[in-house]
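Letters are used for the chains, namely A, B, C and D, taken in the order the chains are written, and counting of residues starts over at 1 for each.
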Amino acid sequence: MIRTAIVTRPIDASALIAEVASDTHGATSLFLGTVRDVNDGRAVTGMEYTAYDAMASRELAKIAGEAAEKFDDVMLVVEHRTGALALGDVSVAIAAAHAHRGHALDATRFVIEQLKKRVPIWKREHYVDGTREWIDPTTSHSANPTALDMQQAVR
Amino acid sequence: MIRTAIVTRPIDASALIAEVASDTHGATSLFLGTVRDVNDGRAVTGMEYTAYDAMASRELAKIAGEAAEKFDDVMLVVEHRTGALALGDVSVAIAAAHAHRGHALDATRFVIEQLKKRVPIWKREHYVDGTREWIDPTTSHSANPTALDMQQAVR
Amino acid sequence: MEVRVLLFASYADAFGAQNIAVDLREGATVKDLLAKVRELAAGHSLPPAPLIAVNQEYAAPGAVIRAGDEVALIPPVAGG
Amino acid sequence: MEVRVLLFASYADAFGAQNIAVDLREGATVKDLLAKVRELAAGHSLPPAPLIAVNQEYAAPGAVIRAGDEVALIPPVAGG
């Protein structure tokens, strides 16, 4: 069982856990990304997520399909939220259940890592001083070298 | 923030997530172990967990302390339930929050792996045919070689 | 042929538009498209090797663009 | 000295008791204790190298047991 979605409503983590639960899958792993109050030392008041919706949905479904290939029989649900989010709001949730705990944990990690590399979603931080800025993981202090790797990979 | 407990009441996963949540820790990882309906091909009706309570509490706290050393500034809550559990019931829950997603995920994995190796808790499966049997991970088909490694390690 | 190129996030801000029209010869590639976009006023704001999607899939520089394709310039992604 | 040894799960079932009393000489080690336990009727049911805890910590075979110590025979753990 696999389901992926880009949503504009709040994410209900408990509902995701219930969705992947099954008496045959003894290990459940959940990952939540939430909006932080500080990034690169700047005080954040909120976050605005925007996506290339059609492609983001496709890419997310593709990643889940790859996870299902790698982790046979995984139960997997992924939701990414877009729109205006407040501090502490959940932006992304990944729930994976499997008979083997290693696979449940690995599937969760695989999805979040791939999502961060490939899914066309962007975020703009709003700061205490009223300014706002698009986050570029390839140049920020918390640089994500994989984004560059990927640009090279498709070339 | 760290809290560990051996409990006899049902585990509330949402409460654990809320407990580790903080505006400074943008990544939350949750692991749940639940009672499966089949083990080594035998139909299971329920599971009975028993512990050497005092030592299990100590060992669990020690593992959490090691996680806090390895994953600086992690928020971590671990609960393991004992007593009679039904199919689908949560036997163990680990919630970890961290500013970095890799650390949140690694901390969760570290705790479950160490818990399975070191914490003196045992389980007896109840089968459809009315029989019941203590699970020995060192001899079952889903053998866990690490238990033996550990016996050697303390020698 | 005229190709409409979708823009998002920081690119949409830089170009002041959600999409731009680019005129390409038949058989033009992703690399050709990029050269055209760079000639525009906001073209200098693009990174050295921006990601491009054709029909909602990441495309290599040599990929040929056809009339009617859905083309998009993809800023560095930042989901999660 | 007499040491009380806690038993759990499959070991408690095998010995038919939650704990057993073992008589040890002063300076006896975990290894000595184990030899004594093996002499009991259910002693043969123990694995080749069972885990032993002294004062709620896993103990090496050479660890010395003192009067009043809390000693436990730990079956293969199966939490999670």
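Rule of thumb we're sticking to: contacts are C-beta pairs under 8 Å (C-beta built on N, C-alpha and C of every residue); 3 or more make two chains touch, one makes a residue touch a chain.
What you are looking at is a predicted structure, and each value in this text was computed from that prediction instead of being measured.
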Problem set entry | Chains touching both subunit A and subunit D | B
Exercise. By CA centroid distance, what chain is farthest from subunit B?
Worked result: C
Seminar exercise, completed: Expressed in whole Å, how far the mean CA point of subunit B lies from that of subunit C is 49
Exercise. What whole-number Å value describes the gap between the mean CA coordinates of subunit B and subunit D?
Worked result: 25
Exercise. Out of subunit B, which residues touch more than one other chain, so two or more?
Worked result: 33, 101, 112
Seminar exercise, completed: Multi-chain touching residues of subunit C, meaning two or more other chains, are 80
Problem set entry | Contact pairs between chains, per stated definition | A-B, A-C, B-D
Problem set entry | subunit B residues touching subunit D - in the complex, by the definition given at the top | 33, 49-52, 54-56, 58-59, 80, 91-92, 112, 115-124, 134-139, 147, 150-152, 154-155
For this session: Within their complex, state which residues of subunit C touch subunit A.
Result: 6, 8-10, 13, 47, 49-51, 53, 56-61, 72, 74-80
Seminar exercise, completed: In their shared complex, subunit A is touched by residues of subunit B numbered 13-14, 17, 21, 23-38, 87-88, 99, 101, 104-105, 108-109, 112
